[in-house]
Structure formats: C-alpha cells, structure tokens
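Next, two complexes with chain A in common: one pairs it with chain B, the other with chain C.
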Partner chain A sequence: MTEWSRVLWKKQPYPDNYVGDSFLRVSKKRREVTYGQAFYSATAVTQEICSCLILVAVFCGLSEGHMKAAGVLTFTAVLGVTGYFITRSQLRSSARDDIKLVCFYVALISCASPVVKSLTGSVATDTINACTTALLLLRIVHQDYGALVAIVNPTVSHNLGVFASVCLASRLGSDRDVFALMTLAVALFALFPGFRKYCRTKLGTTLDLFFTIVVVTVTAAGLWLYAAHLMPLLAFALVTCNGIIPALFVALQRHKQNIYGPWDEAQIEDK
Partner chain B sequence: MLGNAIVTVLVPEQLDGENGGHLYGRFTNSKAHPIDERESYVIVVTSASSNKKPPIGCINNDSRIQTRRSTRNVWVELSTQPQIQLHSVRVSGDNVCLSEVNLVTYNCKEICESELISRKFLYREGDDHANNIVPYFVNSVQKDCKKTNSCWLVKTVLALLLVLTKTILYVTWMPKVLLEGLHYVLVNKFDYSSNLLKQTLLRIKQFETLEHELRENKRTLVAGRLLAMIAIDTLLGVSVVFLVSSHASLNDIYSIFCSSTKLLASSVQHLLEWLRGAPAGLKLNQPLTQALSAFFSYHVHLWRLYLDLADPVLRSLASVFFWLGMGGASVQVAILSDLMDLATLHLYCFYVYAARMHMLQISLLGSQWRAFRGRKWNPLKQRVDSYEIEGGHMSLIRVLTAVIFTLVIFLLPTTTVYYLVFVSLRIGLNTVRGILSLTMWALNINPLYLILLNLMDSNRMKGDIYFATQPIDNARARYPIASPLALHLHTWPTPLCEVLLYAHSDVFPAMPSPNWKAFFCSVVFGKELL
Partner chain C sequence: MEAKVKKQRHVICMVSDFFYPNVGGVEEHIFQLSQCLLGRGHKVIVLTHVYGDRRGVRHMTNGLKVYYLPIQPFYSQSVLPTFITSIPLLRNIFVRERVTIIHGHSAFSTMAHEAMNLARAMGLKSVFTDHSLFGFADMSAIVTNNFLAISLADVNHCICVSYVGKENTVLRANVDQEKVSVIPNALDTQVFMPDPDQRPKDKINVIVMSRLQYRKGVDLQPEIIRRICSRYPQVNFIIGGDGPKRSILEEVRDEVGSDRLELLGAVPHANVHGVLVKGHIFLNTSLTEAFCIAICEAVCSGLQVVSTNVGGIPEVLPSRLILLAHPNVDSLTQILDVAIQREISGRRIDPWAMHREMRNLYTWPDVARRTEVVYDKVRGEESSADIYQRIPRYKKCGLLAGWFMMFLVTLQFLLLKICDRIWPVEDIDIAPDYPEGNAEWSYGEIDLNSRRHTNSTLVNGAPRISKLGQIRPTARRRIR
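Up next is the complex of A and B:
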C-alpha cells in the first residue's frame, strides 16, 4: 500500500476518514528555545540598558565637574566616526549629505542649548530624577529589539530618550556642558540603535557578543568612576536581564500551548 | 352657516334708539346648497347715515305700516325702539320667514378700531362668504369705516408729527451717509463695530419707518410704539444731561475720565509686576516670565505716552459726545460703551498677543504629541496616520520634534498663566459690554405703549371674536309668527405676546445673545478672538 499522504487532490486507496501518521505533521506544539538563544536575544536589552546608564553616568560626571565638556565631545565624535565607517556599506546617502546632516545637528543643538539650560529652573531635583527614571524605563520598554509586537514603537522610544536627556541637561551649569550632553544623547538614542541593528544582522553572533561585552565594560567603568551609587543597579539589571529572565522563560516554555501550522491567523501589518 | 338659516343680518348696536332713516351696507350671497338647493345670504349693515351707495333697508318703528314692496335685491326693515328688532327681510322681492334669519348685533367702534381682527380673519376675494361670514363682515365694516370722519384734533396732531419727522429726516440725510461710510470702514478694515454709530443709524432708520407709517394717515400699533419709544428715550437722555450738568461741568467729567484711565494703566502695571515674581505661589520659568513682563510693561508705558499726547483731541471730542447725548438715553449708553472700549484698548492688545501665543502653543502641542508617537495628521483624508522614519534628514526631524515638544511642555505653565490672566480680563470687559448692549436693546424695543394699551383694554388690541346668544324678552309679542336667532358679537383682546410679535418691524433689533460654543472654542484653542 502506498503511504497515505495528507492531500485532497490525489485519489488514494484509503477511506475518507482515514487518519495516518503524517496527519499532524504540520503542527508543532511549540517552538523550543534553548537557554543560549534566549541569552543571546536578551543581550539586545542589555545593550539598551547600558546606553541609558552611560547617559546618566556622563551627566553625573559633568554636573560634579569630574568630566570636561570637551572630553565628552571628543568621546562622542570618536564613537560616531567609528560607527559611521563600520556601517558605511549600508548607508544609502552620500558622504556629503551626511556631513551636512552633522552640521545641521550641531547647529540645532547649539541653538537649543541656552533655552534648555534654564528650562527647569523652577522644578525640584527630586521631580527631575523621578521623571528621568520613568522616561528611561519607558524608553527601554518601547525599544525595538526585533520582536513584532504592538508595544514596539521606535519613534516613541527615541523621543522619550531625547526628552529624558533634555530633563537631565537642564540641570547642568554651563552652555557647553548642556551642548555636550545633548550631543551625546542624540548619538546614543538616534544613531546607536541603528548601529546595534546592523551589528546584529550583518556581523554575526560572535562579534555581536564581543561588542556587548565591550559596552558593558565601558558602562561599568563609567559608573564606577562617576556614579558609584548606581553600580548595584547595573549589577541587578545585568543579572535579571541576562540570567534570571531567560532561565525563567526557558523553564516555563513547556506550558505554552501554541499550535503553529498552515492555519495560523492572518496577521495584518499595521504599518 | 349659522344654524339652518339662509340669511344672516349683521346690525350695529349703535342704531339702538335711532328714529328713522335708511340703512346702508353690503350684502353677498353664496351658490346653491347641493342638497337643499337654497342660497344663503349675508347682509352687513354698516351705518344709517347716507352715503353714495343705494340703501339696503330702512328703520321702521311702526309695526303696522309695511313699506311698499321694492324690487331691489335685499331689503331689511328694522325697528329700533325699544330694542333692535327685525321687522322683515325681503330677498329678491320675496319675504323670508323670520325663523330662517340670524340677527347678529355688533359694536361698530370695536371692529373699526381694531387692527388685529383683519389679520386673524383674512379676507380673500373668491371665498364663499355667505358660509364663512366673519372675514367678509370684518372687511365690509372696515372699508365703510374709513370713509367716516375722525376727530379733527387727532388729524392735526398726526399731520404735525409727519411734518416733524420729515424735517428730521431731511436734516440728517447728509450725516447719515457719512456715518454709514465710517461704520463700513470701521467694520471691514479694523473689525470693530462701534455701538454709537450703530445706535445713531438705528435711530435714523426708526424715524424713516415712523414717517412711512404716518404717511398713510392711520394710527398703527407700530407707529404708536415707535413714537412712545423715541419719546421716552429722548426724555430720559435730556433729563440725564441736565442732571449731570447741574452737578459737574464738562471739564470735571473729562478729568474724571482721564484719571480713571491713568489709574487703569497703573493697575495693569502692578499686575505685570506681580506676574513677574511668583504669582499665587506658582513657579514660573524665570527668563521667560521676565521677558514677557518687560514687553507688556513697555507697551503700557507707550499707552500712557499716547494718552498724554492725545489729550487735546479727546477734550474736543468730549463736548461733541456731550451734545450727542441729548439724542436719547440709548445713545448715551452707546457712548459709554464705546468710551470703555477706547479706554481699555491696551488690554485688548495684550489679550490678542497672549491668545496668539496660546494658539501657537496648543497647535504645536497637538502636532508634536502626534509626532511623538509616530503619527501625523493627514489633511487629505482628515485623519491621523502613522508614518515611517527613514533616511538621514528624517532623523533630524525626529530630534527637532522631541526637542520642541519638551520645550513646549516645560514652558506651558508660564504662557498659560499669562493667557489666563488676560483672558479673564477680557471676559470681564465683555460682560460689562454685554450688559450695556442689553440696556440699549431694552431701550430700543420698549413695549411700554403696548402694555399700557393692554391694561386700558383699548379697542385697538382686540383681535378675536365670539358669538353669544341674546335672550329676547317677550318674544311672543314681538315676533308673533316666527323669531330669528338673536346673537351678539363680542370681541376679545389678543394676548400680549402675539401683539408684540405683530407690532414688530426691522427697526426693533433682536436680543443680543452670546454664542457659547464659539466662546468656549475661542478660550481653549485661541483660534478666533473673543
């Protein structure tokens, strides 16, 4: 007897209600995710948390006077140029356009700096701290990590980041400091996510992991030097994000009951 | 048809007690009734004094004499002593049995003087009048009434009034053209409608309407109301002018006005100083509030300078206004309203600046909030769409959006405080102006004349008719063979609201009522100005 195959257009010697072994071939109860995969995907969140903490560390350094504005600007410039050269192949616009863009950014932020400096003169420090924390948390929530869900909104995430940095920058003393912090914020929140996406998709897993370790080290160093009270926060975030949550996810997977097959619900693209 | 009769005779009760004479009036008949094949007749007796038309009957007090048969169409014989009774009715030469006759008595004066009855019972030419009696009856009585002479005193008074009105209109012809031009320029170029100009133009229009009504030599309710209104207004105005001028001279009034304007300017200055610090404990953005306060203070300073410079011009204008005030109390209220506008001009300017700033802020907030979430207003489809970011310059726009949104959010309390202060000042001034407008409106629509007429139960207010049966004493003796149905026609006054609606014309303006929806939209969004 020929093997029963699950098609309707073939005349088979089996009765119509025959159920063969390959009837359920298309269903998979769940897509199993290993701990390694979960850990690797969670590094995206780690990078995001680290970039937020870098901003806070630089702010603490600038406001207490340990760091100079020129230093921050050089740091940002170096990072920016490096990133630009690495992702050069992917960019569609010419070099001249990019240089013009950089000039526009610089002009815009330097015009906005004096206004931003006196923006929150009448708001209490506690309010600013709470506001910034909430905004950065929201930013982490809405960031695009590669999942196609409704809560992901890269525009909101970017704007929240800039809002938080304006809140922080308005606390600084001189125009230069404000300019430096805002440039760093634009680099971290507008340019960095694009770079991370490029790394993840084009450069391969090992390079990406190496890059994550570099970012974490830089953050830890920055926090150690300028905002030592936030080190426990970094440790806690790292442990939760990379250790506990993926383990939890993997352990609880077996309770998932999704059936994937040709009869999946049609997903209407919202955008 | 009243009852089953075929003839209805309407007789004025003023004929009661007359000695003899012919009866004059009108009559008409209707087509034959489809079942009975009888025609019905209506005979309206309007007077007993002779006019050029042939008589339709006579008064015959002697029951024994029968006048000779006449070959006219209708012939009515009445006896008027001791009461009005029907002697006989002849139609086309034949005697009509009295039981088929309705005798209706009415009061001629009431019907003649009333204007409203002919409106309620409209007379149309081709109608079946014998079956629909009242319009025909009212029309006949009023037509014949016109020919009677009215009192000579009333006629002379009316003629005098007409001459007076004509002179006033002649004198104000040229000023009217000038004022109309000025009003047009002010409304179209400066978007300002001056109450004084409106009131003077309205007054001139009222004189025109009065002249038009008086020209036909009749005493209409509208004419009476207009006259009473103008008289009361002018009387009030002149008395106020004399009262005021007996207490203070023109210079005193002018200096009071000047000092109150200066006081207003300095209190606005105090207000701005208060806003510069921490008003009501609110923490405002210091650089912004200092800048705004300095700007507005400079504006007040300029306003003070302007007032000092314009002093001589205003002084001469003051005497002009004083004499204009003789024109009536409503003109004085209009002058007051305009002067108030003039004195608070700088507050209006502040309100406009603050409103424009507020509108910019609200619209920026709306658009940037949408852009914050990655959405945009699609004006083609009138809805909110999401839009994708790609390319270098779009990220610049994104950063710009975020920065502007933050700036607007943080500067919102300061600008809102300034806007609220100036909006409430403007609302207060508008309330005062509204009260003055209402006073002017009340003076312009003055229904006092109509109320007085209503209270005195005057004949001119009667607008409704009803019939009541009149018992005939000693019917057997008077009408040995058959007795007609005797009715009396009573008039009833129209309700006051209907009279007010009737005695209305364009020159009585509508009540000024504020548009609440536009008011709230203007306060919240700031697009249109209050």
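Up next is the complex of A and C:
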C-alpha cells in the first residue's frame, strides 16, 4: 500500500476515517512558572499593600498626636531625595525642572490644605473609614505591576490613591498635619511606583528583594507603634499575597492548556 | 436488480437551519448531496425552519421534499434550542417518512443538533457534517465547543471537509478519531468552464471573490492593490462581494482610480462564473478556511490561483495548480508577482488543461458515494437507544454538562412515551414516497418483517409501520 499523505486531491486506497501518522499536528504552549518566580513577582503587590498601610499608620499617628507633622515631612523629604539620587540616570528632565516641579507641588498642596481640612465635616467617621478602605483596595487592583492586561490603569490607580488620602487627611486637626499627610501621599502614590519599576528593571533582583524587606519592616514598625489594630491585617495580607496565592497559581498552571493549530486565524502583523 | 451486493436503501433526513432560499456553502452542499443521493436511489427529505412566508412542505427538483417547519429563527438564522417543544413535530415527521438516518449540517445550526438528539432517542442513526473551523482561545469558542461536545457525545458518525477540520472536531468536541471521516466538498464542474474569449488580451485581471469581512483577510488587500497597481500598469483588480469592510476598499478605489479597481458588490452565485472567466488570476487572502471551494471554482474556470496557506487550503490542490503564500502583505505581493510574470511571459498552464485536471478531483457523485459508505457503516452499527445505554455516553462531558444532558435525555424519554400514548404510531399516516420512478428498485427489497415489536417508537432501526402493506402494490410500477 502506498504511503498515506495528508492531501484531499489524491484518490488514496485508505478508508475515509483512516488515522495517519501526521494527524494531530498541534502545538500546546504553556509557560512553566516556578514558585520562586511567582513569589518574586508577588513582592510588587506586597510593596503596594505596604505603602497603603504606611499611609494609614501615619494618619493614625498624626490624628492621635503621637507623630508630629515636621517629623513626617522630614521622613518624606529624606525618602524623596534618596529615591531621586538613585534614579538620577533614568530621568530625562534636568535638575532645575525637577526642583521647579517640587516647589509647584509644595505650593499647591499648602494652598489646598485648608480646603481639604474642612471637606468632610458633615460625613460620618464610619463612612470615611469604609470609603478609604474601598478606595485603597481598588487602587491596589488597578496598579501597574508589569502585566499588560485590560484591568491595569495607572491613571485610575493614582487618582484613587489621591482620593483616599484626601478622605483621610480631611479628618486631621491642623493645616500642617494635612499638608504633611498629603505630601506623604503624593510621595507614596505618585513617586513610589515609578521607583519600584526602576528597581525591578535596572537594579536586579537582590536589591529589589532588599527594598521589599525594608518596606515591609518599616510598615510593620509603623503599624506596631501607631495602629496596632491593623497588624493582623498586615500579616494576613503578606501571607495570602506572597505565600498562598503564588502557590495556588503554580498548582493551577499545570491545568492550563493552550492548544494552537492550523485552524487558528492568522494574525496580521501591523507594520 | 443487482445480484452481487444487496445495496441498502436509506431514508435520509437532512436537517439544518441553513437551506434555500438562503444561499451559501452549506445550503449548496445539502442540496447537491441530496440530489446525488436521490440519483443513487435513496430517499431524501430536508428539514429546515420557516423563511418568511415560506412554510409547510415544498417539493424541489427530482422529488426532494423540503419541510419548512413553523419554528421561528431566534438568533443568527438559527432556532432556539429547547429540545422539548419540538419533540412531537419532529417525531411525527420521522415516523411518517420512515426515516432511518438523520444527517445534521453545520455546527451553528441548533435545529440540526436537536433533531440528531431526538433521532438517537427514537432509535434512529445520526450523522453530523461539520463545515467550519473554530479556535479555542476566547470565551465564545469555549462555550460553543462545550455545546458541540455535548451534542456529539451521542452521534454515530461525523464528517469533516478536510483533515484540519477533522483535527479541529476531534480536539474540540472530544470525538473518537475513528468516528470522523474526511469527505471534501465538491463543485459543479459543468458550470465552471474556462472561456478565454472573455478575458482582455492586453490587460491582466486579478479577481477577488469573497464576503468582505475580517476573517477573509480584507485588511491585507489595500496594500497589495496599491503595490501591484504601481508596479504593473496593465494589471486591474475586480473585487466581488459585500460586507462590513467595504469602505476600506472604496478608499483604495478612490486612490488608484475606478478603472484599475472595480467593486462589483454582492454577486449572486449564479453570476460568479461570469465574473471569474473575465480574469486571469484569482486571489484569496483568507485568514482561516476549512476547505475554500472558491479556489477550486477558480481553477476549474482556468484561472491561476494565489492564496494564503491557512487552514485546509494546502490540502486542497496540488502545488502545480496553486501558488501559496504566507498571510502577510509582502509574501502575497511577491507570489502575486510570480503569477503575473507567468501570465505575461505565457509560461502558465493552459486553462483547459487545468479544467480537465480539476474535473475529476471534486465531484458531487463522488461525495455522495463516500457519504453512502458512511451511511452503510452507520446502519450496521449496534448502538442502542435504550435509556440505560444512552445515559453513560454523556459521562465524558464533564460534571455540569454531563449531568444536565442525562436529565434532558431522561425527560426526552418520558416525553416520547407520552407522545406514544397521545399520538400512537399506527394512527400516523405514512407519506407516500415520491417519485417512485427515480428509485432503482421498488419497495419489495426493504425488510419489512424484521421488527414485530409493540407500537413504540423506541426500537433499534426504523419504526415498524403496519400500513406499509397497503402501499406495496402501487409502488411496484416503475416509471423511468
């Protein structure tokens, strides 16, 4: 018997339902992900959660009077300047433009502080708490962690962060407290994600892990000192986000099956 | 009467949502296949849904009986799949026409799936033909594949139009490989003949004939047209067909001029040959295609063919009759260039030689013969309609779908019993076969005494009919 060939125009002496060797030429693609890779990628989410919790901790400290506005401002300034010097090579604008931008921000926020202070006078505290929680959660959801999916929207994420900080800051006592918290919020929500991206891409994994540990320690310390009731939340978040969910992802990845074959629509490349 | 092999006569019921007066590939396939099967001596009826005013029973060429059932189309020309409300009507039709095999067409046709399912419940055999390819990636594909898997869990045999189609069906509906046959489509070679006088001698015409939508690769065409028009002043394009992407071709027409690019709009199938013979080269830019009968029609009419090598197209024609390219602008332009050069230098195959070669490749009588082989195989299968044997076949559909189908199948069984009570089989009038003359034998060869069961429709094979004896004497007359 002649070789069976996979063509329709030949009259072949095989029955119509014959199964030849070249049947089922499919390609099954699946990216193999190890637990270490998943764990490392999840540290980005952990850092984001920690930055939100730092904001809440500072708010608790300020509103209860344990922290002084000046202290918060120095802390923010030190962080900002350190981050700026580390990412100097990345920045395209000149030092003068950056200083002008900082001055502009300071002026804007200090003018806005009295307005923000009296913003939510008629709103109940429970509403404020619930609103802030929801906004910070949404912010964590929409943040850009490096994946190109539809749910990522850096603008929405940033706006939600600022909105949450406005909600919190409007509960504080003095104008200076409000100014300090808003500056910290800008540093955490507008500048920190960019710094994190720079760390991941340019500085290597060990430095990035070191930064993560620093951030987590600072958050834990802040919560311990000023908002002890949130410590279990931090522990739960760390364990779930960085421990359980990567493990679940790796376990479920085994079941994922992407089958590609000659029936798929050809993709037109855009030139 | 043949003495050597006793040919079985089947009573086939073609079911699909897509039939005349709708015009398309599936509709043409059903009609031509039915005609050839009628010529081979079987009885064929067609079930479809109402088309506007067209409802009831119609007779088409050679006595093809078409039932336009009063079920309204619900979405995209298909009816709402209830599986329950159509049972009495379909059961009545299957009994009165003495159907033995139900042949469903097209995965998008919900009526076909319903009828095949009911057929299995009644103990008849079912065959399914799949005409299209499907991906696996997006949500709509996942849902459709699940429904197809449910439907094909209890089908006797599947037919696909190409080997790619067979792979696709086997993978997405979880069907055994031996249960799928590959029987290609065919075309009417008497209609598609070359006519070299219709072509201009000084110009070269490139014909494109397809629906103007994304999956036919219309986005690739503007750039190709621009490049070829600027390189070869003697080459013109004629594009037939209509669709949502017409506007981008109209833009190109404004650029190159309407004497270089002609847009014909929707071309009825009867006029396709008239357009094809005006051209020298046929261009097909589809992004996915199960079989692509258009390129076969073009080769049959004596045109050179340039096509993308997607889906089942590489399997269809030998390499001397087709030039294959990758689905991008550069590759298609380069291959089209080769074809134009061959046309200019005259080194192309003679159109009548192409037609002669094509004439024997894909013909409807051949398709009908191979389909008859499938019917014979299916007829001899021992697959019972007994409920205890039917339910385990749905186990492989998974937890949710499998249990749902088991419930549905039990409900069907109960409803059939109720129908047997209210409308017993012996009260259903048997429709006379028309015309008797075209059949190669009379009714005498059917084995009438094989089943002496109680008056229930749940038997293996054809339902037993008591009134058949009354029709026998008249049917012996042969009209040729």
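For the reader, a short list of remarks on this structure follows.
In this text, the second predicted complex is superposed on the first by the 230 of 271 C-alpha atoms of A that agree within 3 Å, B and C clash if a C-alpha of one lies under 4 Å from a C-alpha of the other, contacts with A are read in each partner's own complex, and residues count from 1 in each chain.
Methods note: a residue touches a chain if its C-beta (ideal position, glycine included) is under 8 Å from a C-beta of that chain, and two chains touch if they have at least 3 such contacts.
Because the structure is a prediction, the values reported are computed rather than measured.
Of the two partner chains placed around the shared chain by superposition, chain B is the only one that A:Asn159 touches, whereas chain C remains out of contact. By the touch criterion defined above, A:Asn17 lies against chain C but remains apart from chain B after alignment on the C-alpha atoms of chain A.
Within the superposed three-chain arrangement, the count of touched residues of chain A is higher for B, of the candidates chain B and chain C. Of the two partner chains, chain C is the only one that A:Asn258 touches; chain B does not reach it. Looking at the shared chain after the overlay, A:Val115 reaches chain B, while chain C stays out of its contact range. When the shared chain is aligned, chain C comes close enough to touch A:Leu8, but chain B does not. After overlaying the two complexes on the shared chain, residue contacts for A:Glu32 are found with neither chain B nor chain C. Common to the chain B and chain C contact sets on chain A are residues 271.
By the touch rule above, chain A contacts chain B in their complex via residues 92-93, 97-98, 101, 104-105, 108-109, 112, 115-116, 118-123, 153-156, 158-159, 161-163, 166-167, 170, 186, 190-191, 270-271. Per the touch definition, chain B reaches chain A in the complex via residues 283-287, 371-374, 386, 388-389, 391-393, 395-396, 398-403, 405-407, 410-411. Across the complex, chain A meets chain C through its residues 6-9, 15-17, 19, 23-26, 258-259, 261-266, 268-269, 271. Residues 133-137, 162-168, 170-171, 177-184, 215, 217, 219-220, 287-288, 290, 308, 310-312, 315-318, 327-329, 361-362, 370, 373-374 of chain C are the ones touching chain A in the complex.
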